[in-house]
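Structures incoming, each one as structure tokens.
Each of the two complexes below includes subunit A, the first together with subunit B, the second together with subunit C.
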Partner chain A sequence: MTATITPYRSSQQTARDGFGQLLRAEWTKLRTVRGWVITVFAAAAVTALAPIDLANLAHNSAPVCDNGACRSPQSQAALAGPGGEAVTDNFYFLHQTLDGNGSITVRLTSLRRSAPVPNPPPGYPPFPTVQPWAKAGVIIKESTKPGSPYAAVMATVGHGVRMQYNFTNDVAGPPGTVSPSSPRWLRLTRAGGTLTGYTSADGTHWAEIGTADLGGLPRTVQAGLFVTSPDPESVQTTGGNNSIFIPGQATAVFDHVGRTGQWPGPGWSARTIGHDAFALIGPPPPAPTPGKPGPPQDHFSQSGGTFTLAGSGDISPAVPVVDPVEVSFFGTTFGLIAAIVLGAMFITTEYRRGMIRTTFTASPRRGRVLAAKAIVVGSVTFVAGLIGALVAFTVGQKIIQSHGWGPPQWQVWSLTSGIGVHVVVGTAAMLALAAIFALALGTVLRRAAGAVTGVIVLLIFPVILAIVLPLNPANWLMRLTPAAAFSLQQALPQYAQHTNACLPYNGCYPLAPWAGFAVLCAWAAIALGGALFLLRRRDA
Partner chain B sequence: MEGTIEVSGLRKRFGQTVALDGMSFNVMPGQVTGFVGPNGAGKSTTMRVILGLDAADDGTALVGGKPYHSLRRPLNHVGALLDAAALQPGRRGRNHLLWLAHSQGLSVRRVDEVIERAGFQSAAKRKAGGYSLGMRQRLGIAAAMLGDPPMLMFDEPFNGLDPEGTAWMRGFLRSLAAEGRAVLVSSHLMSELQDNADHLVVIGRGRVIADTSVAELLAAASRDRVTLRTTARSEAMTVLSHAGATVAATGTGTLTISGLPGERIAALLGEKAVPFSELSAHRATLEEAYMELTRDSVEFRAEPAGQESR
Partner chain C sequence: MRDAVHAEWTKLRTVSSTAWLLVASVVLTVGISALATATVKCPASCSTDTTKLSLTGIMLGQATVATLAVLVMSSEYSNGMIRVTLAAMPRRSTVLAAKAVVVTAVVLVAGILAVLGSVLVARMLLPGGGFTAANGILPLSLFHGPTFRAAAGSVLYLGLVALLSLGIASTVRESAAAITLVLGLLYIFPVIGDLILNPHWQHRIERWAPMSAGLAIQATQKLKSLPIGPWQGLAVLAIWAVVALLAGGVVLRLRDA
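Showing the complex of A and B:
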């Protein structure tokens, strides 16, 4: 009987199969469940939420007082550097006028903190006993006006010899610390707009450190010796950011001062340049407690060829405590949760209903199914995140500026600037990777609850934990967990030559933006690898 | 082999439990092959192995001569309805077919064709969460028919169908076979397949007990058995059992006797003057044949008939 039967032939033409068909099938699955479409829109909407954390801004702009020294970290007086960026330009300057080309050479025999470090108030970690970026050396500056262009060659307490210019530029020279037995010779020469820094251990054999091109430098400039030291800071991170400062003052001893070129006189004059970007504004500082000294005064003394200078402050970029872009991205956390739920449900619903068998019957190559799902859910959440982040960025920047926060101390970034692109695209990429991570974990666990909880604990919980943990473990969390990706939302640049408390709480993260994103990608990749392994091994 | 499902020597264990123990059979084109066995005999597991969903520890399952996972657009080769409830409740029936069609590069027109063939037009635009069991069965059938495949597998398709649905299903299965397709239909109730299947694969404890045509199975089960209609039941039983026959009372006035040919029974009863009104060769039902075959294979006799556990 069977021999007479002609087997049936499918009327449906078998064309080439393609990954595109699989993508289309998964896209159809996603768009035909109303709850999922709503979740995508919700992800965009909550990411767009931009309730600028003005309370936080206000908190961080309140003056901080200790030992009679008050600092107002946010309400800085506007001081812009040559590039328009916010800068700190505060140092003790022993200077003369240099007319045209010339050079200045010194030997630095000592650089140390002027007074011992006091104990911090209860609950705060000890103050650092050294300020690695306390520095002294020779400087040539357009004028004594704060923020004016300069180049300087210096020895530092903790970072060896450096050549720095125009606040943001920093070139490393030989390492090591200065002492009477191990002095540093420093030289800065000027030829037109080009300044060249040299250093030597013995005053005979010189090595070039670097050159600075300060175009537009006038014929007459101020040149001489300087010393400055940032304020030691103690940061207590429990329950937010509580920083206290004590005045920092360094004392430097110079000799063998040599000059070439035209120095029209009348001679050395000493003065404190500028004011700290952390200006003394806001409520007046409380009167110094009797018996407690006020902030130390800058001073200068000369004995024969030896010059002793004591000064405080910093010559560096000024980085606000609170990141003015990151605060606009309050909604990202909730957008991420929506993306995580969608990513997990996109596979776990199929397991729950047994539909995964239908899927694998239609597409037996399971790795391709997982890839198609990852691409579809990643693309959809990326677009949702992109729209949300665009709104958050533009609205957030508007709100900030309408509250009077503006340049130079609050930098404004346009959407098309590098910062704007990495924050907005980065936020979208974060949502996409969070969804893919949840999809992978959902494939491994085959349960939505476990997958959603798992990804939230790994990606979002560390951010909350970092607020209450001490700074060091908080920063390790922000390096190792997928939460490292939040560094994508950090707009403020971090400068090596500027010491500031970089707290996750304030949107400052230990990893560079895309490095942090790479950590999230690595987690997602490991989860996808595990998912693929189990998909192929387990019965459906 | 083209259009044929070939299962050969499948073995699979789930922990200590042996699910498949050397399962071998073929599903030929142009026939409805009934796949019968008690719950837990391995019907669903076999189907999942054929579809590449479960991996067998040993043995092969080929569809059209190839392993399932090597098929590039598998729905054009095999259509399957394993679990009609495997649907996303929030998705409309038609959209369920649409993503399946997209995954095979099939057109939207084909989706509407199968909706019509499965008689599913009325429910296609509604969300699957509100479907009755019958609607889900029809959606599952439409999905199986999407690629117009030469081989089809249905796992317990009669479950939960009303009489009208059962009648429709029978006609549908017959029409598929008439088109030359190979159709495998599983059931734990032989009665569902009695008038349906051309061929039967009876399994128990993970292996094939009988692989035969329905006619052969009935003949085998009826052989040597005689039905006796009598008013003197106990006398007849005594006489016949003393002569070495196995006698079973199957009704108030009927006995079923095996072990003795009909002529000998008639002679014995006449000798002892036991009255009887009718003596005929027994015609077994498929159900009886099945019960006989699977008597040793039923794992849990007390278990009520229901959905086969996975």
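Showing the complex of A and C:
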């Protein structure tokens, strides 16, 4: 007769070992450590740090002086294009009135800089000898008023034949440079509001470049030839940003001018459209001294069927140097540091206290623990960053408006605009990724000090180094290091047809916003991979 | 005090992270200096201060130096060693002083190696970038007064950063918090510097932020237009370090370990 022994059964209900429970466990750890909760709140608070002095926007850069006349790069003429954006509309225009539909055809035989470039002042690199965006061709414009709608077919010095319209649109045609032995034929036809551009190498075989739909174009428009050239700029990039300009002037030679349609006359008239793109500040320029010529004057001459035009300026979107949105995200660097320390300590503290052994006993699958930790610390820092970024963005835009800075030069963005969403969500995502990166590095090193130093050096130090290095290596630094993610905070549009020195010093980064973020993601993913590998191999 | 220093030296040299961090400081400093000198070319930027350029790596090398100095104090708190230390050497100011002496000594040695390496590499690389006598640039030489001052000052800069880090670590005890504070203090001002648009505030930050003030010691050109003079700048960093050490000393005396 044997007694049956009932084995011991715990009265505890069996809990499911699901990922949900793991997440909950990690969340409990995070919210019950007072220092960590304070860090999360601090991350949100410092990210929201209002830009102290956005009101100083216009006085940021030292004025640029040329022949005694000083101009501030920030005070670019606040001229609005048809789309409301800030534009530069400055060129030499030989025009006649076109009534109704018609076309203008021309052969361009030469386009080059009017005078050789002078030597730069000591300490500056040489001026570029060619302006790739110097351009000449045919244009049909609503009126001679600067900023009015237009479409133009042109040859450029460095970017081949283009069709451009309404400042922001740019369609590429055949490449190549213009010379007397290789002239370019250009044609622009108007049918109602539709303008079509053509080009040809010989005047008989024409290829269409593109069409522009300028709805609302009046019956009579101004049509003719134009030439313009941006000012050559010499940028001293090491140890800050100083740039100087010299007047740019291009000379273009046209012949075989042909017109169809109604041209009521009275004939050609030539004029400079627009003012200089920069408002003059400071004392007026002194009278030109003998032997030292003043800025070149636009001019026009005709001999037989040959027209020679010389003009300067640019027809392009105008992008200010300082990005007010970026300036309003002054506090992000502080927020990133808070997120990094939280991410690193979220794992290294477990090693220090021996808690990691309890964690792995409760949940032996180590990859899942790492995933749960990444999700929890990433979500928490994302929410903190989102709150901070919302405040920074809203306050920043308010300050810009309240100081009278507005369109067209300073865009005021709403939170729901594409820019608002990508800047605010992007900043929050940056904080989350920084925390996850630090978590992964913390898992690899198991020491908080090393992990924090590593991530700060990789994410924040490149921004400092980029200020010291010349433009090219600085841009590579901003492409390859996790600091590329700072491009998420750029709100200024970048146009290919606009020659503006894009310097990391001014917060202009070489990568597109989400591409820059992808670089940070790649670094975090590699670190997570290494962390997972070592976590599985090593004893806890 | 002799025994205290000896004890601290034993602790420092028997931890593997010390050697790693010192080697990393030298390698990173020389590496970043080489990168900077190799990328700046003369016809474009002949007016660059080549001495300052050749010592660019100090900006990165200080991060590992700071980590080392923080760990000297905070690792004792994280593994409980501090209680043994204080049981053996009850005079807490002696402990802090001994730690300061030992960590400064090793950092200065590493700093000398890093600075010599950087200057040597720059001397070899600069002529290739067009910084030649033909362009009016003399080769980098430590026998040139200002260059020697910049090089020696950079070594002292690293020593002061180590003392600042030790002081902060004694104050906050937690290694992650301490290193965050140190690196934040050093790096945040240059980063936000170009987001501060007010020139007066920019000027103030350049005068009083520990990194920008301290690195003024590296300048050899246009000394008149600097926001702060070379030795005055290093003195500002020294003030930061002394204040941090005093705060650490006071806290060490007053608190339980």
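Just so it is clear, the second predicted complex is superposed on the first by the 501 of 540 C-alpha atoms of A that agree within 3 Å, B and C clash if a C-alpha of one lies under 4 Å from a C-alpha of the other, contacts with A are read in each partner's own complex, and residues count from 1 in each chain.
Methods note: contacts are C-beta pairs under 8 Å (C-beta built on N, C-alpha and C of every residue); 3 or more make two chains touch, one makes a residue touch a chain.
This one's a predicted model, so the numbers in the text were calculated from it and none came from an experiment.
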| item | value |
| --- | --- |
| Touching partner for A:Arg357 - first (subunit B), second (subunit C), both, neither | first |
| Which of subunit B and subunit C A:Tyr8 touches, first, second, both or neither | first |
| Touched partner set for A:Arg365, first subunit B, second subunit C, both or neither | first |
| Subunit B versus subunit C as contact partner of A:Ala512, first or second or both or neither | neither |
| Subunit B versus subunit C as contact partner of A:Thr28, first or second or both or neither | first |
| Which partner, subunit B or subunit C, touches more subunit A residues | C |
| Partner chain in contact with A:Phe461 - subunit B first, subunit C second, else both or neither | second |
| Touching partner for A:Gly18 - first (subunit B), second (subunit C), both, neither | first |
| Which superposed partner A:Asp539 touches (first subunit B, second subunit C, both, neither) | first |
| First (subunit B), second (subunit C), both or neither touched by A:Phe330 | second |
| Doubly contacted residues of subunit A, that is, touched by subunit B and again by subunit C | 35 |
| Subunit A - residues contacting subunit C, complex | 35, 51-54, 56-57, 59-60, 122-123, 125-126, 236-239, 322, 326-327, 329-330, 333-334, 337, 340-341, 344-345, 348, 352, 447-450, 452-453, 456-457, 460-461, 463-465, 467-470, 472-473, 505-507 |
| Complex contact set, residues of subunit A against subunit B | 2, 5-12, 14-18, 21-22, 24-26, 28-29, 32-35, 349-350, 353-355, 357-358, 360-365, 539-540 |
| Subunit C to subunit A touching residues, read off their complex | 17, 32, 35-36, 39-41, 43-49, 53, 56, 59-60, 63-64, 66-67, 70-71, 74, 78, 174-180, 183-184, 187-188, 190-192, 194-199, 201 |
| Subunit A-facing residues of subunit B, complex | 2-4, 28-31, 48, 51-55, 68-69, 71-77, 80, 82-83, 85-92, 95-96, 98-100, 102-106, 110, 143, 146-150, 179-182 |
